[in-house]
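Here it is, the structure, as structure tokens.
Order of writing sets the chain letters: A, B, C and D. Residues in each chain are counted from 1.
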Amino acid sequence: MDYVNIRYVSKKPKLNNPILIEGLPGIGNVGKLAVEHLIDSIKASKFAELHSKDFPPQVFINQDGTITLVNNEFYFWKAKKRNQRDLILLTGDYQGLSSQGQYELVEKILDLAEEFGVKEMYTLGGYGLGHDIKDPKVLCATTDKNLVKAMKKYGAVFKKNEPGGGIVGASGLLLGLGKLRGIQGTCFMGETPGYLVDPKSAKAVLKILMKITNIEIGLSALEKKAKEIEHIAHQLREMEGITKEKTEELKYIG
Amino acid sequence: MDYVNIRYVSKKPKLNNPILIEGLPGIGNVGKLAVEHLIDSIKASKFAELHSKDFPPQVFINQDGTITLVNNEFYFWKAKKRNQRDLILLTGDYQGLSSQGQYELVEKILDLAEEFGVKEMYTLGGYGLGHDIKDPKVLCATTDKNLVKAMKKYGAVFKKNEPGGGIVGASGLLLGLGKLRGIQGTCFMGETPGYLVDPKSAKAVLKILMKITNIEIGLSALEKKAKEIEHIAHQLREMEGITKEKTEELKYIG
Amino acid sequence: MDYVNIRYVSKKPKLNNPILIEGLPGIGNVGKLAVEHLIDSIKASKFAELHSKDFPPQVFINQDGTITLVNNEFYFWKAKKRNQRDLILLTGDYQGLSSQGQYELVEKILDLAEEFGVKEMYTLGGYGLGHDIKDPKVLCATTDKNLVKAMKKYGAVFKKNEPGGGIVGASGLLLGLGKLRGIQGTCFMGETPGYLVDPKSAKAVLKILMKITNIEIGLSALEKKAKEIEHIAHQLREMEGITKEKTEELKYIG
Amino acid sequence: MDYVNIRYVSKKPKLNNPILIEGLPGIGNVGKLAVEHLIDSIKASKFAELHSKDFPPQVFINQDGTITLVNNEFYFWKAKKRNQRDLILLTGDYQGLSSQGQYELVEKILDLAEEFGVKEMYTLGGYGLGHDIKDPKVLCATTDKNLVKAMKKYGAVFKKNEPGGGIVGASGLLLGLGKLRGIQGTCFMGETPGYLVDPKSAKAVLKILMKITNIEIGLSALEKKAKEIEHIAHQLREMEGITKEKTEELKYIG
């Protein structure tokens, strides 16, 4: 096995000028949630698995008692309508653990993208605010100036110098290394508190993606999950409140 | 020396359709204890050593004043009865320290396994509960659905979504990477508090393995060790109890 | 992409016996500030970018909404007067994160330097004092004994056994590895408190460099920045003062 | 430059069946002190430098203002009497920082040793006790059983299962990896508190080495250093005593 290894699990699909959409784990798991929901909704087909020696040495246990080595997965979807485009979708269990591992991972993903003639990609992630947000906006950054205007039309937001720390991880690196290969890319970052997985933010990201791809998908499953998470967050806040009170009490006493 | 290096210390044994059994250090040292006890009991013969640049830069000191470089060791055992199979047994001082080191280590072990025609393997480990357990069960996970039923018959337990974090380390990775090579594998995880080495849990694992391999071995040495550990655990709990009381006293005062 | 990769963004410049001047991020960002100011002042032209798998997996976001992969950048400048020399200037976002990454980075920089026939280089950095300093001196170290005298004339200071810990990072390594290749090098370290970016220290370093290169540049922009930083430092000290008082109060009470 | 690189700084010496003696930094710097004292006393000649990408990216500053890249250094010494042997002596600024770096370092050292026909080596280090020791003994471990008896005669001590954690670092790894190449090796570990550099322990190690090599060297310089260190240790203990008292006072109050 190479340091990063791609294994086809079905015949190589024939795709016409496909778009790559990436959503790996990250802040609020926004990107992963969005791409997984998209894969489920459009019934995309898995065609390749990626393993890396920079992923944790770990297998997950499936419902039926069998194991699966941690990986990233590639799915494809063929356009159904004239205004749609073929898609390659990427999600997975992990990003690379080390800097080098991240670079190697993204290079391998871009190798596959180039093999399928990808000239356009969208990377999805979260933008951690550290506080609650009612209506998460979707921040945006692109490889090319001429994409900025288009993305604004779709509802994406460009804020000067935000995120101030840039974009760290696969979503940023795909754009950065993709740009060097002449692949156009756009990163959408859904605003999120960042404490918990955030289906609400994933929904906001998907809404924009739906406009770009001309694909209509139901979002009710995400909305349901969002409500569950909101409930958990509420409980946590309450517990925190109690703890806080107690702490203050103790401070007063102590 | 390669990053991971295998060195034969005797002539390559001729084995007939052997089973690989792995037990490296881990939670409660369950796997290592089990395989070492098995090796001693059946008088298996060491035939190869494995060194890795991802092991600590360390030598151990033997009773006679000589040193041994930290390593993993391969043993073999030839079947004595018709219903038995030849065995390759793997134990050692360490697992790889880094993610990459773990992948490289397991790939090398699988290379050797394939060279000897291994098509079936058992990896042994502990499942840390974080609390005491009277009768440790043996959890199980497999590479193939059809193995699940068989393993249940032998007394192994499948719990939905347990271990929730999957299996981390060589025991999991051997299954994960082995599956990609078409080697069937099963991981047995003896329940263990996880604080101390746990011969009781190792015994539970060996009991199942004895049924699978049709090898009868005495377990009294393990039982004796288990009693010693239980004694130590008891002492530690008492000391902890005293410390706890004191702490609470102090809390009350302070 | 190689582990460290250089990409020309313009035609390779033709340079005559150029001097290499390096200023990468470090203590007080002294070196980076100095080289960036020099690049701006003399209007040097960017001709190459360096990426490394040991840099963070990160892109920065430009004012116009586009991204740039974190990198190091090479600029050149052609001598305008007879007593001047052609320059290659190096600055960037990061140094290597790991030891190996630092060595690989510096080796690649030296490869480029040798390609352009560099026989002389200056590396710029800060020397962290841990306390305020009114008139920062510029400490110096060189690859060759015969450079010491010359550098003293330019105003650089040699203190016995200082810095006691030597020079860590690219500024030191360029000299160390460059010396093995027969490239003469000098490191200037501006004294700095080391808490904040330090334009005052950068100015002190540039003053010496101006004498060496016979290049006259305005330093008012750095002076303005230095005043801003001094203002911030003053505010921080005040806040600290309050905190300190409070802490002492609390100590007294508690 | 390779990951680990050896550079000859003089003509390759012609040595007759030389002994390798290693003393790199470690607990109490015992090994390094001993070999450096030996090199100075017998006026051994430096013939090679070793650099590694796993050493810190650092240069040290010499008294004359020039820099030296951190390294390991090889010296040689030609036997003067019939009962003496040629020596290769190894000391340096650092050991490898990572596990892999340690293995690569030691492999390279052994490559050089084999090139010169080394069949016997001594590695020197400290054995940290964590408490003061008046007359440090010298613990010993060897690659071969038949060396144990001989080393006992020279005054080295073999304690069952000590050091319990084996030998970590270059001194152990040279023996471990050397044994695989058929090179006989012995490690001497001078007992040391381990808090400070320990010339007294280095002296104890050298006394044994003098018997083995039939080389007579003066130890007064080490004895002088040992007294200085003892003085510092005394001062530290006093300061600690005061701190301790104060702490106890505070505990009583608080």
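Heads up, the rule we're going with is that a residue touches a chain if its C-beta (ideal position, glycine included) is under 8 Å from a C-beta of that chain, and two chains touch if they have at least 3 such contacts.
Just so it is clear, the model here is predicted, and its values are computed rather than measured.
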Residue numbers at the chain A-chain B interface: does the shared fraction exceed half, giving same, or fall under half, giving different? different
Rotation angle superposing chain B onto its copy chain D by C-alpha atoms, nearest 5 degrees: 90
For chain C and chain D, let me know how many angstrom lie between their CA-based centres, rounded off. 37
Can you check how far apart chain A and chain D are, centre to centre, with Cα atoms defining each centre and the answer in Å? 52
Which positions in chain A touch two or more other chains at once? none
Can you name every pair of chains that touch? A-B, A-C, B-D, C-D
Counting only contacts in the complex, chain A reaches chain C at residues 96, 99-100, 102-104, 106-107, 140-145, 148, 158, 160-163, 165-170, 172-173, 175-177, 179-180, 187
What does chain C use to touch chain A in their complex? 1, 3, 7, 51, 53-61, 63-70, 97, 101
